[in-house]
Amino acid sequence: MFFHRQELQFKSKPDKPDAVFARKLQEVLGGQYGEITVAMQYGFQSWNAHIPGKYRDLLYGIGAEEMGHVEMLATMIAQLLEDAPVGAVEGAVQDDPSVAAVVGGMDVQHAIVAGAGARPVDSNGNPWTAGYVTASGNMLADFTANANAEMQGRLQVARLYHMTDDKGVKDLLSFLLARDTMHQNQWIAAANELRQEGLEEIPVPSTFPQSKEVREVSYQYINFSDGAHASEGSWASGPTPDGKGQFEYVAEPPRGVEMPPPTRPDPRMHGTTDKPNVMEKATGVVKDALHKE
Amino acid sequence: MFFHRQELQFKSKPDKPDAVFARKLQEVLGGQYGEITVAMQYGFQSWNAHIPGKYRDLLYGIGAEEMGHVEMLATMIAQLLEDAPVGAVEGAVQDDPSVAAVVGGMDVQHAIVAGAGARPVDSNGNPWTAGYVTASGNMLADFTANANAEMQGRLQVARLYHMTDDKGVKDLLSFLLARDTMHQNQWIAAANELRQEGLEEIPVPSTFPQSKEVREVSYQYINFSDGAHASEGSWASGPTPDGKGQFEYVAEPPRGVEMPPPTRPDPRMHGTTDKPNVMEKATGVVKDALHKE
Amino acid sequence: MFFHRQELQFKSKPDKPDAVFARKLQEVLGGQYGEITVAMQYGFQSWNAHIPGKYRDLLYGIGAEEMGHVEMLATMIAQLLEDAPVGAVEGAVQDDPSVAAVVGGMDVQHAIVAGAGARPVDSNGNPWTAGYVTASGNMLADFTANANAEMQGRLQVARLYHMTDDKGVKDLLSFLLARDTMHQNQWIAAANELRQEGLEEIPVPSTFPQSKEVREVSYQYINFSDGAHASEGSWASGPTPDGKGQFEYVAEPPRGVEMPPPTRPDPRMHGTTDKPNVMEKATGVVKDALHKE
Amino acid sequence: MFFHRQELQFKSKPDKPDAVFARKLQEVLGGQYGEITVAMQYGFQSWNAHIPGKYRDLLYGIGAEEMGHVEMLATMIAQLLEDAPVGAVEGAVQDDPSVAAVVGGMDVQHAIVAGAGARPVDSNGNPWTAGYVTASGNMLADFTANANAEMQGRLQVARLYHMTDDKGVKDLLSFLLARDTMHQNQWIAAANELRQEGLEEIPVPSTFPQSKEVREVSYQYINFSDGAHASEGSWASGPTPDGKGQFEYVAEPPRGVEMPPPTRPDPRMHGTTDKPNVMEKATGVVKDALHKE
Amino acid sequence: MFFHRQELQFKSKPDKPDAVFARKLQEVLGGQYGEITVAMQYGFQSWNAHIPGKYRDLLYGIGAEEMGHVEMLATMIAQLLEDAPVGAVEGAVQDDPSVAAVVGGMDVQHAIVAGAGARPVDSNGNPWTAGYVTASGNMLADFTANANAEMQGRLQVARLYHMTDDKGVKDLLSFLLARDTMHQNQWIAAANELRQEGLEEIPVPSTFPQSKEVREVSYQYINFSDGAHASEGSWASGPTPDGKGQFEYVAEPPRGVEMPPPTRPDPRMHGTTDKPNVMEKATGVVKDALHKE
Amino acid sequence: MFFHRQELQFKSKPDKPDAVFARKLQEVLGGQYGEITVAMQYGFQSWNAHIPGKYRDLLYGIGAEEMGHVEMLATMIAQLLEDAPVGAVEGAVQDDPSVAAVVGGMDVQHAIVAGAGARPVDSNGNPWTAGYVTASGNMLADFTANANAEMQGRLQVARLYHMTDDKGVKDLLSFLLARDTMHQNQWIAAANELRQEGLEEIPVPSTFPQSKEVREVSYQYINFSDGAHASEGSWASGPTPDGKGQFEYVAEPPRGVEMPPPTRPDPRMHGTTDKPNVMEKATGVVKDALHKE
């Protein structure tokens, strides 16, 4: 169950209206790595967890915080839009091109769809989609996804930080940066702990027997481009991070196998095939079918 | 530039038609973590790379291989569909409900849109979307995304492996499993190397000065759920993975700050506000505007 | 701020596994009118509210409950999938076509993407999208949207109720039906109260002066089809619900106005136009531009 | 069957080109509540209607009008774009930043995709999607959806009205406002009539026996936030709009039920589970399967 | 303006219910090349037309017919679903696996979202999207798009024809096949006429001066694969269809140009760059900015 | 298999940064008819081809080139963004509104998501979707789709050509224009060759017997609008392009057939039906079901 309290985790009030920045903020609210994504992602991971205890509690514990971040950003965006100019009647707009530029940058949907409110979309107005969410039931994979999400998220907030000089907005971003610092660290720590406790291992899923892989290519770096520098990395020689092999560098892909012949599906697919084949097939039952149906 | 050779990296031929499994295979071709995703993701990461040399070469080197995996899976799917039953005229279907079940499971779009061919969609027919791709210009974040993508990908292939007993299909899956093993290891090694070379550090982006964060909450685990077990993890006490702090456990969120008052945007937004306010605003210029325009 | 408690609002446990029904349940979790939609919708409406007090509190108060419904359904779906058969190796599947039919109906993504867990998608696997959310800042419009959402939602749950005989599942649906009964009533009551308090009126937005409409057609039913029965309804004669007019029935659309001539945009658009026009335009500056650039 | 006449229902001609406003107008053409939505929505509701006569005739009668509104808006948009500046070669742009601002605001896709024509997208370029359409076969639910659609639509047009001072555009908007006034009234009247005739009732669907609900919570307002003001509304005490109960206010959610234990699906899902369990399961048939396959 | 008549262009009544086929039919109603696509496509092409007369009349004349086809298919689908079995309570389902297979194949959304009605989606439940529509303002390009749409559409209907033995359904498909035959012919004829009248030419757009192309490669077939057979086609030697050149076959791509060096954007992008560069840049104004902001 | 070489097919370097044009270029990279579309389309067509030899080789040969075009555009976009201004701290922005306009036009996602890099999206930020791809297995249909794609693509590039005066950008566009010229010609030639070799014919699919069409309307132009000019075209009289009929002009649609009665599905669908019918049905088994379940 979720409960709501009419408070914010941190102050969230801009110094002045700024419709252009309001639109930019939408990215970290409703974009691929915005707060809706992490709130939903940690939620579904907790509901799909297969062991009780600390890992699931961690997912629950952070997930609800992220829903509060959605609220903080929505609140901030509404305030940035509150006193922003609306339309063409303001004399200022006609007289002052710099104001016109600002107006031109206001998101039309902020104005006419939300009436100067926040929306569950990204900075280009793409509606948030659950296609962003990862929840596989395998915690090592998922915690790696979470670490990535917090990295991308903090990166985006840092970039936004340089795009405003509004003290109130910067304060909120400073808070979000700190929480992203924490959460990056947590997911990395949790991924490590899973491995230390032997619950999961690299390569994920470790419960799949590697004996069933094509072992010859399990640790080969096969270079499909013509740059030779990738041979210099620790991913091209030496022990592998999973502790189960040695990297090997293959400078050029070996000869492949011949492609199987093109498929020749049922003539009722009406694809383009070489005629004799069609004829041959059509001589029997199928030919009848084609003409009798 | 990309070049194509009419070969496959590995044999890709099923023992028998299986339209139901063809549909399942679409997931690792055109799903969130399918081969199109990684091919495009490594491509855009290489084109957006900001340093020459081994890291960019690595992206180029793996990216082109993944395009070949797209081809292998498409080829396999077309073969699985090649001789699968099409429609209602087959007597067998009427007589044998087990065949009917198989036919019922065939993807309609495989049949009537692609004419028994592969499609750039997932196992439920959702078209592949670039909303799956991550390419931020920050390599530590992106390599973490890549490690995750290879984990999720290998996990899905492993699950598919248990859903067929077709030897030819299993062989192809065995090959893909091995390559995913390699690529997981490579992205983890590359992420480590970035950190060792000081090019990037946790928390990402390390070039953003942490002095600008709200430092008090940078290493606090604030528990927004009521499970206490998360306090037992290495993410709740002790040194943090970034080496810059100590985890602290906060069992319950502290009191927040008061919400700012609701926004009262321009009356021309026609939102629902308390009347006196509307009236007051409307007394001046805006009221005139409302009635004169 | 949101807080989570590790409890469910109501018991949510099926009697037996049922992968096919798990997929059906996804509709009311992640479909157009599923629980994610109402949770997000009431959230954004509260964050975009422009008056403090009872209406906003109502949005907050129901919104958080709906997040808990998301959790209840996700929990139920995971249990329905828990012991469902996975793949081809089970002997039962080969032997018993009725089991095969069930397996054939299992959602592939439930299996290989979520590892037998719930997903933020609808019953056909379409990812939830924020394109479903309505939050305009105008409460009469939005409460009408909410009433509709609860009606559609209850309708879908009722239909699902007839598709299972699992007692545990039916219990959960009975609970959801009751809550939807309540919420339908609440939004209707709230919409009425808004009108009684004079905060908003029909036609929405009532703050827009009707004097600026083309008054002649404000209360005319113009019939664009050839069925005459619509003239019998209370929407074709008598007083209008907004209390501001009388319905009038117009059996056939009056003659319209002539279409404006086709546009002839700049020749650099390279659209298809009648040549003389292109030539004429191209004689001047633009012609030069076309050949000099 | 649909028939087209080369006329418009109302004049639709702007005074001057305005590419920025053309983009804004796209919202009410191809947005969530634009004319394409209502045209399609009323169409599918009529085709899915289950009773002949006045209700279905009403759907047909309005649906075709809305297709004409799509045409009017498309025509207007093409004219607003007709003589708008195209690209960088115009000297004016270099010299006059206010013109630059306008050019900067022109939708790129209007120019290079449509060649200065209208598009079936919203004001941010999101393609129209049928995910916006509601047609459930239950008329009380659907007419409520329609009333909401006309409210949201009229609200958006009213907002647009304030954003232009082009007389020709304002005339068209005045016409659309009037038609939305009418249609709001009609759907409300039709919803009332359905109830008066006993064809449907609140709570929708009234044909589902309420005896199967969890009656204890059918009329309880359970407050999941900490604002107490919602208790003051007519939705918290007194008779319910469906005439079947009395509202009851519950200030705090009662204790819930314990969550079911985490699911432990088949080990071939390769999710993260507590090892003993995995081992135990794997001792039998499944373990063999894991290693033999 | 559009007008509706309560008739169908052709009889549309199935012999018996068939929920599985109803789902298949959705493809040609709401899929990429379904009737909604062509109705909308011809509509937008007519509204964006730049010359009056026969071409625009043709678009109008066919566009409205296609809206009627949407209606015919929706009507057919509703009938196919009318008496199809709903849920688990039917004894037959438990007893007869072949019925179970049919039920398993019924689209869940047909049942619980539309109440046994048609939906504006494709056969996998993807909502129709305007991303399918083409309307560029250039008629030769667009008529080619239309010819393709009618080909793909007729192909899909032909494939569906083999998947049913319901006489009533086959009759409707026979009608649609005939209309697609006509429309294929019409768009090809119209494209030819445009060229004969000199309104447009290959290569589209012919109003763009070819002198501005990199002429050396305007007629070269550069083979980026290793199959040599493409040299045998009429596209590899001899005169080109536009009458302006001679095809030339280039067996292997010539050496390309060196890639430009990787970009090194502003350090405030926090991308991964080689440190000295970052340092250097950060010494000046930017460094200050990074630490002072 | 695909191989990558670190070269570009043509120089791709702008003279100066231009973030606004970078966004415009995204259209031909990741839009409906951008390079990703053709690369994927030719790829899937080749993998779904049903005959070996020249046609399939042609698809392979061009497909890989298009992947290189994706790379060229991505490289160009990254360079256009390389030194573009980032945010609010630049003094110039405050002082000079024309710079502000440019900044305002920069795509937010280019900045904060990609860190000044290219993205797999169109010019309005819509992620590329595989819904754009056509690959039916019927080559005449698909080559027509390809001809259209190259026409639309060249048209868009031509329009972009007029929107910049950057010599480096114009050079790249000149190259792409030339390649589009070639590919238009090739697909037209290939479509002709298919017909000449008798592999496919109009109407597509020619393998479907026209005897099964409703022959009376196979060559009738039925005018559903009121413009008479379409009767003047070669599509309204004379021989048809498929050589199998004579066009016939029908000035007005003939009377249609009566619509079937509205469907009355199972009462458990809870749709709106006329009560007696519901009662009648509910008297028997179904009524019991409704109350006993």
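Read from first to last, the chains carry the letters A, B, C, D, E and F; within each, the first residue is number 1.
We adopt the following convention: a contact is a pair of C-beta atoms (placed from the backbone, for glycine too) under 8 Å apart; a residue touches a chain by one contact, two chains touch by 3 or more.
All values reported here derive from a predicted model rather than from experimental measurement.
Looking at chain D and chain E, the chains that touch each of them are A, B, C, F. Residues touching across the chain A and chain E pair largely coincide in numbering: over half of the numbers involved belong to both copies. The interface holding more C-beta pairs in contact, when E-F is weighed against B-E, is E-F. Distance between chain A and chain C, defined via averaged C-alpha coordinates, is recorded as 24 Å. Look at where the CA atoms of chain A average out and do the same for chain B: the two points lie 6 Å apart.
Across the assembly, chain B contributes 1-9, 32, 48, 52, 55-56, 60-61, 63-65, 68, 75, 78, 86-87, 89, 97-98, 101, 104, 111, 113, 115-117, 121, 124-127, 129, 131, 136-138, 140, 155, 158-159, 161-162, 165, 205, 208, 212, 224-225, 227, 253, 256, 263-265, 268-271, 289, 293 as residues in contact with two or more other chains. By the touch rule above, chain F contacts chain C in their complex via residues 155, 158-159, 161-162, 165, 170, 268-270, 289, 293.
Of all residues in chain D, those touching chain E in their complex are 1-9, 30, 36, 40, 43-44, 47-48, 60-61, 63-65, 67-68, 70-71, 74-75, 78, 113-121, 127-131, 133, 135-138.
Put simply, chain C touches chain B in their complex at residues 1-6, 48-52, 55-56, 86-89, 97, 100-101, 104-105, 107-109, 111-113, 115, 121, 124-127, 136-140, 194, 198-200, 205, 207-209, 211-212. Taken together, the chain C residues at the contact with chain E in this complex read 20, 23-24, 27, 31-32, 97-98, 101-102, 104-105, 122-126, 155-156, 159-160, 162-165, 224-227, 253, 256, 261-265, 267, 269-275, 278, 290-291, 293. The touching residues of chain D, counted against chain C in their complex, run 5-13, 32, 52-58, 60-65, 68, 75, 78-79, 81-83, 86-87, 89, 111, 115-117, 126, 129, 131-132, 134, 136, 138, 140-141, 144-145, 147-148, 151-152, 154-155, 158, 161, 171, 174-175, 177-182, 184-186, 188-190, 192-193, 202-205, 208, 210, 212-225, 227-235, 240-242, 245, 247, 253, 255-260, 263-266, 268-271, 289, 293.
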